[in-house]
Amino acid sequence: MIDPAWVSGLSAILFIIGLIGVFTRKNAIIVLMCIELMLNAANMQFAAAAVHHGDATGWVYALFAIAIAASEVAIGLAIFLAVYGKHETITLDDINVLSN
Amino acid sequence: MPLVGFPIIASLIIMGTISNVSEEVREKLVNPIRWAILLFSLGLLGLTTAMFYNYFGDLNGFEGIAFNSYEFTARYAWVDSLGIYWSVGLDALSFPMVWLTTLLLPITIIATWDEKNGAYYHPLILLMGGALIGVFVALDLFMFYVFWELTLIPMFFLILKWGGEDRKYAAQKFFIYTFTASVVMLLGLVTLYFLQNPLEPLAYSGTLTGRTFDIPELVNYSYHANMNGNWFLGASMQKIIFAMLMLGFLVKLPAVPFHTWLPDAHVQAPTGGSMLLAGVMLKMGAYGMFRLPIALFPHALEYFQLVLMTIGMVSLIWGSIVCLGQTNLKKMVAYSSVSHMGVICIGIATMQPIGWAAALFMMFAHGIISPHLFAVCGAFKHHYHSMEIGSMRGMAKHSPWLATSMMFAWMASLGLPLLAGFVAELMVLIALWHFLVAEGWSVLWMVGPALVLAVTAAYYLWSMQRTIFEGGDETQPPASMDGQPIPDIANHEKLAMFVLAMFTILFGVMPWIALDMMNDWSIQIFEGLIMPILGNFNGGV
Amino acid sequence: MSGSSSSEVVHSSMAEYAPLIILLPMLAMPVILFLGKVFNTNPTWKNTLKEGGIIALVAMGASLFISLAIIKDYLGSFSNNGDIFSLTWLNTAIWEGGASTTPISFGFGIYIDHITVMLLFVAAFLCFLINIFAIGYMNTDPINDNRNHRFYAEFVLFCAGMLGMVLSDSFLWLFIFWEIMGLCSYLLIGFYYERPSAASAAKKAFMTTRIGDVFLMIGLIMLWDLFGSLDYSIVFDPANIAAVSPGSLQMALGMMFIGAVGKSAQFPLHVWLPDAMEGPTPVSALIHAATMVNAGLYLVARMFPFFGAESMSGELIDLAFIIASIGGITAVMAAGIAFVQDDLKKVLAYSTMSQLGYVFTGLGVALWLANSLDWHHDPAAHTIVVVAFGAALFHLFNHAMAKGMLFMASGSVIHEVHHAHHHLHHDDHGDDDEFDAQSMKNMGGLASKMPITATAMLVGSASIMGLPLIGGFWSKEGIIANAWRVALEDPRFLFPAACVLLGAGMTGFYMTRMWVKTFAGKPSNEVAAHVGPTNSWIKTPLFILTFVTLSSVLLAGMGFTHWAPDSEYSFLSDKGLVDGIMYELGHAFANHDAFFFILTYVAIALGAILGPFMAMSLFGGKLEEGEDCKPWFKPVISLNNWVYNKYHWDNTGIATSGLAVALQNRLYIDKYYDLAMVKIVAGFSNKVAEADTKIIDGTVKQIEDKSQKISTIVRSLTTGSARDYILWVAIGTLLIFFFIWGVA
Amino acid sequence: MSEVTYIQPFDDKFTTALLPELILVAGLFALIIIPNLGKATFRVPGTQIRLPYFLGGERYSLISNPRLPGWIAVTTLVLAFVEVMMTFESGLQRYMIVSELLPTTINGVTAGDVLVNGGSHILPSGSKELLLINGFSRLFEMIFFGAISLAAIASMNRLQSFDSSDRSTNALYNNRRQADFYILLLTAAMGMAIVALAQDLFVLFLGLELASFSSYVLVAFHKESKEGTEGGMKYFIVGSVASGIGLYGLSMLYLWAGTLQLGELSVAFDAAMAPQGSPALPLIALGFILVGFGFKVSAAPFHFAAPDAYAGASSPVAGILATASKAMGIVGLTRMLLIVASPESNDGSAIWLVALGILSVVTMTWGNIAALGSDNPKRMLAYSSVAHAGYMLAGLTAIGAWNWDPKLAGHGGDAAIMVMTAILFHLVVLVCFKLGAFLVLSILESEGEVSKMSSLRGLSKREPLLAVSMFIFMISLAGVPPMSGFMSKLLMIMGIVKVAIGNMGDALSNGDILSIGDAHWVWWLALIMVLNSAISMFYYLRVIVTMYFHEPEGDRQGPLPSGWQVRTAIFACVIASVFFGINADGLIELCEMAANSLNYSWASQ
């Protein structure tokens, strides 16, 4: 069995990749994916912690978080679609009607 | 106390009602409304005059009331948890101001009888009056602050809706400037509030905080805490809170260098607004000083005496010299207010009963004279469409009433004997000199007021020469008149100015009517508060 | 008013009515103003009531009557000095340390002593006469259409101010009435408000006196601080005086003296007086002769008890010297300027300044004597002091009478010249009128046309010049003599003494010049040739005053030169009138002391002979052929003619010399004052006003602007790109870590 | 503690305890079902018998009104709101809903189990506390439901609707969206209610996400406009990142403590915060979670998406974001900072004191400065909302400092309650005037774009009552007496000063010389706060000046489109804004009660 610490470390790496990804990538879809990456990092951590503490709640948390991530993707894509409908792009830098 | 509530409620109801009726109906309602408001304010004046006659202004010499005791008090719980009460009362400090406010209300209404949009204007004046009275009768810090800020709102609208060209800027500046100072004051009040920590909780304390906002209680408490060389709240805290409160009051006064909101506000304000602003609103600053920092922190007052004296002197001199450089009539008069408020500051800084009585009388006298000044300025603007000195000359010929009024007001303001302002100036000078000699300060301090006496005459005379006099040459009448015949002021303006003039003479010839109670108040606070606490610090030649 | 009668001295029953002297004119003012406003063009108002002139006259008459009644009661004995009654006006308190405050109060009351009586008579009497004159003068001047009520209202208020100042029982109320007078003089000088020159003159008058008043006020406050009161009864109490420090007292009195300098138009605050001739002539008579300028003299005279107090002996002589010197300087300077003035009224104005200078010198030396000599115990010294003081006061009296008369006479001349001009040219009087009715260049030879006026002028001039036996002679000799007496003791006084002696000759010159230029010689133009006699409103006061001036020998005999309290030789005392006159004559012309004997004759030679001689040699001459004049003019005209013809010399060189030009320009003092006002005061105030806008308000505006700019910068961080927003979230996260870690 | 009744889901008291939430659930169902009721029938195969099954088909005339969803939602929300109010009115009954609760009769008590409900029930050791119904959570529910019901009322005439006889695609489409909008409002309310009640951080997070997702969609609801979609997208992306960070923080916290129960975390924190050094994990977690909630309260620098979202969303929605959503963030912060990482856990002051203090100063200053020059009224209000978040954070900071002075023992809890009262009061009255201001803009919006200050021009002439309302909202936002905004600001200052000064009064009466330097530095927060409110005066006044000074511009003349619903809502806001300023006593007591119930340990100290 893998030491939960390794899993935690992996999740930290994933989280950082995700975080860096969200503010370096321009395409909204990729950004969404990076966000998912961050959520998944949390999921892994929950799972690892559940193992670590021998507490099943962590898995429940992870499951719920997956559900949240799923709905987030659904909403996100819906919004991006609407954005594309009006702006005809989903490049984040080009969508700046609102500023200042 | 009906003095506060009624005007505010009445005016709010009137304004609420008229905003819902059509334009035509509103036009028709203007006359009934202003008559109703005039009668109402005259009723208030009658009420306060009755108080004056029966109690404060006993013509055989004011009997006197003990320090920190109030008449006509009423107290109702307002916010229990914080110890906030609707607590009102009058003493000889606040009463003259209340009377003055009730006097100026009908006069302002009469003087600006024809102001456009009268259905809103006159109720707004009444609202202003109610808020001002509220400031003066409040015996609760919270209530005091609430009314203190409440006065800003009607004045803001008076300037914004009825003001001159640049009214937008002036109204905002007025509001923000004084608001900024007063929030600092608020923080000072709150800090003071939580620093009170008597062994027994004071009366009227809040259930949540265990502290009180009640001014008489606080004064009483600070009195005992200040005794025996101790400083209420400790030396450092007392100074800090004193400074924070004074900042609020000095800006309102206004003292140089916090005065620049005043000329802008005055120049842009409508006549009625200016009259109330100069007549009563500026006095709120001086009133506040007496009511709070002085009564609570005599040690700090002593500590800041030099600062206060300097501020007073600088205001006095700076204000008057700037006056000399003005070409705008109203601006000049506004700066003269700065100068006169400096006199009040000096009177306070002398820490002499005569100086304080003089400051109080100056508040009162300036409260009668300055509305007159601004009424004249308003009429000038109204009739000649210009505020520039020299744009309209020879008023003595074509507008003898206005010329006479102007001359009278100007003379009153420059401190002509037997008019109200002189008594105050004389007493301040006496107090200052006595203080300087007794305290061993340099007599060079006297140079300032002396200079100002001359400079004041100079700018007033200069402006009169270019308005009342001359006018025989072909540059008159000016282009701004568009060839119209030059009218004299209307009857209602005459009436208002005449009444003000009569009161100026009355209080100039018989100053003791008002001075007795002020003097009594000063002596009471000295014998009751200052001397027991500060002991022998002052005087002792 | 609270308070009650407080004095134990028994008074004249008339004294109870003394407040009416002030109140009647004061109350007449609103009445006249109101009626004048309402019935402006009503014929009854205009013709019968003379636009309020009659109401004023009634008020002034009543005042004069009460005044005379009081004076009569007081003339018998001077012992009833002091308060008639006093009322408290201000109650307040000071704190001098210690356990309680000290109540202080300022009251109002009536105080009558010998100085009061003197001034009361001068003021009430002259105000009344000038009122009569004004009715004749103002109401016939078409330029005054429908505004004379304003004149009378201001006039009566002015009179009330003067009378109040004289009667009040404290320096405070003296100051209050003093200021009221100042206001009225402002209004009266600016009566012709539409003339820029009048407006500016009014302003100048008020402003200049105001500067003096500021010092006076400070002086009063210093005095108050020394005595704790300003009531005469307290400050004049020798016991109280003994308790104060002489140095402080001298400072206080010196400050007060500056006030007097302003009011009495002495150097260097004299500049307002000549300009003030812009007012109507009755105003000139009132302000410059009879009343207002005397206020300063009155104030200095009031200081006598301080100088006379034993405890102050020798301590206040510096101030006395200053007073005398200021008087001396003014006397010579004003006389010099009067040499070159062509404006009739201006000559008189400078003459006024000059004569007031005499009085100041007289007062200065009297105060010096009172302060140095042991006059409380030494009877000889006592006499010297009393005579010196009396001489100064008597000169005040004489000058007031003579100058009042001269002004009214000059007014009469101007009035008639003006009329003649209009009559001749039939043009509308307008401001574009180039003709100057006041210039002596437009006169000449009027002696035959205006006999009463010319007589009055003659007598008045003689009085001012100090022609022996007439009016001013007595007092002027006394002043000169005493000045020299002091100069012998204190060499500093040589300066004022020399000034007054020189001034005597100069007076002789300019007064003669004025008279001969106006009345002698040939009419200088067509207008002067058509001047007619004047009306009876104008003649009456001239007539009365001529009589008073001529009778001054009687007055001198009655003891006017000894016008001081507790004189062993008081008014109408046991000596009797004839003895008195003899005594005076002997004293004047046959002084036992050789120095004073010579001095007297030198003064006479200068003032009555040399000065007039020089003037006559330059101006005047014979009347127009066929013109007849009153017999008493004939010697004068003839003398003039003789001197003129025999000794006439060309003075062009002198008249165009630098000094003369400087004199014509009033020694450039006005110019430099104006320059100072414009360059320094106005410049400075403009700079300050600019600083107020730029720096103080500028800071506020800067804050506003800058905050807007910062706002723009801050808002520009919200770029609109979601990526940047996320970057900020990341940065924020790091910062939070940093701070949490930092603490932990 | 003992007053709290422990129940497990679907106990008999469950319905009573969660009645407001159940009302919402019922409303949700109603919203979904009722608009779909119709004359649909089902033909029994093979027969001609048509059995009606009511879903679909031709709608009944009664429910064909396109405004019906609005009415349902408003009714539901108002009912829930009233229910919350009723619970206050009838003496608040406190419930704790736990995952498992055993009657004592069945099992004996084992180690770790706790006897609850007067000893009649056992709380087994594995049982989780899920939802707590007490004054604090009820007060927040009141805020949420109140704000959302006002927004719902105001939206009723905002969404385009067509007569049901109009069968065009556009009409059908728009009428259909009515239901969607209100469903989202209800789910948002639901999520917020869960946040208020949650006793487990993950439950709280779930509620937060439910509310957030609803609000993302609500912001982007007007997908016909560029601004709407763009605002929604930015809000979504930044919000997702923030909540991702928050969730990661939660996972770390869980990794550290093995639980996300508030009570247990608090104990763990108390134990871990030792003077010699604290473990890193919980501090990192704390930082992450702070970011997650910081976004919700729009604290700088996590606020960037907020102005864009406010500007893009319709005004009532922006109003919800500025009030209810912010209150939700405050709940989260309160739970995290005051319960979990509570100041008691550290000697002197809380571990997050400095960080939060700096955050609050940056937030209020940034918000005010940015608002100064903003020419878009909605963005201006957004920035002002940032500033208000800063004020509340300052209050929270002060609570963190409340036991800074060892001499304060016995006094500090009072101060904390004072500040908490102030924050709660502020949140309540914020609903009145901030939402009110947005509602005024909403009326203007129904006329056309409101992206420039000039749109407000001449409002005093066009609609005097609206102008007066806006005026009251503005001065209330600025904190001018006697408006409720002043009262809230005063309370906040009082609370902060009370914390800062502590018992200096005692020292003073002992004659010690003290100066302002001896007070805790949070006093300066109060000073910065009052100065900031002075700065804020400037832009609030500009709105007033624009309304009263300038003439109406261009084609914007005459009265605005009517809409009695939104006007009613505004009127209610005005009344409340003034009422709570003039007569604040009742509300203060309510907030005090709620503050007391936040943390019983304060009151007992």
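Should a chain be cited, it is by its letter among A, B, C and D, assigned in written order, with residues numbered from 1 in that chain.
Following the convention adopted for this analysis, contacts are C-beta pairs under 8 Å (C-beta built on N, C-alpha and C of every residue); 3 or more make two chains touch, one makes a residue touch a chain.
Every value quoted in this text rests on a predicted model; they were computed, and no experiment measured them.
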{"item": "Starting at chain A, fewest touch steps before arriving at chain B", "value": "2"}
{"item": "Winner on C-beta contact pairs when C-D is weighed against B-C", "value": "B-C"}
{"item": "Central chain (distance from its CA mean to the mean of all protein CA atoms)", "value": "B"}
{"item": "CA centroid of chain C to CA centroid of chain D, Å", "value": "82"}
{"item": "Centroid distance [mean C-alpha coordinates] between chain C and chain B, Å", "value": "39"}
{"item": "Whole-Å gap separating chain A and chain C, where each centre is the average of the chain's CA atoms", "value": "98"}
{"item": "Whole-Å gap between the CA centroids of chain B and chain D", "value": "44"}
{"item": "Chain D residues counted as touching two or more neighbouring chains", "value": "233-234, 237, 241, 245, 307-308, 374, 538"}
{"item": "Set of chain C residues in contact with two or more other chains", "value": "715, 718, 720, 722, 724, 726"}
{"item": "Sequence positions of chain B contacting 2 or more other chains", "value": "none"}
{"item": "Every chain pair meeting the contact rule", "value": "A-C, A-D, B-C, B-D, C-D"}
{"item": "Residues of chain B that touch chain D when the two form their complex", "value": "19-20, 77-82, 142, 145-147, 149-150, 152-153, 156-157, 160-161, 167-168, 171-172, 175-176, 179-180, 183-184, 186-187, 190-191, 193-199, 208-210, 225, 230, 233-237, 240"}
{"item": "Chain C - residues contacting chain D, complex", "value": "704, 707-708, 710-712, 714-715, 717-718, 720, 722, 724-726, 728-729, 731-733, 735-737, 739-744"}
{"item": "Touch list for chain D against partner chain B, complex", "value": "414, 417-418, 421, 464-465, 468, 475, 478-482, 486, 490-491, 493-494, 497-498, 501, 503-506, 508-509, 511-516, 523, 526-527, 530-531, 533-534, 537-538, 541-542, 544-545, 548-549, 583-585, 588-589, 592"}
{"item": "Residue numbers on chain B that touch chain C, as the complex places them", "value": "60-61, 173, 177, 256-257, 259-261, 264, 318, 321-326, 351-354, 357-358, 394, 396-397, 407, 411, 416-418, 422-423, 426-427, 429-431, 433-434, 437-438, 446, 450, 453-455, 457-458, 461-462, 464-465, 468-473, 510-512, 515-516, 519, 522-523, 526-527, 530-531, 536-541"}
{"item": "List of chain C residues in touch with chain A within their complex", "value": "715-716, 718-724, 726-727, 730"}
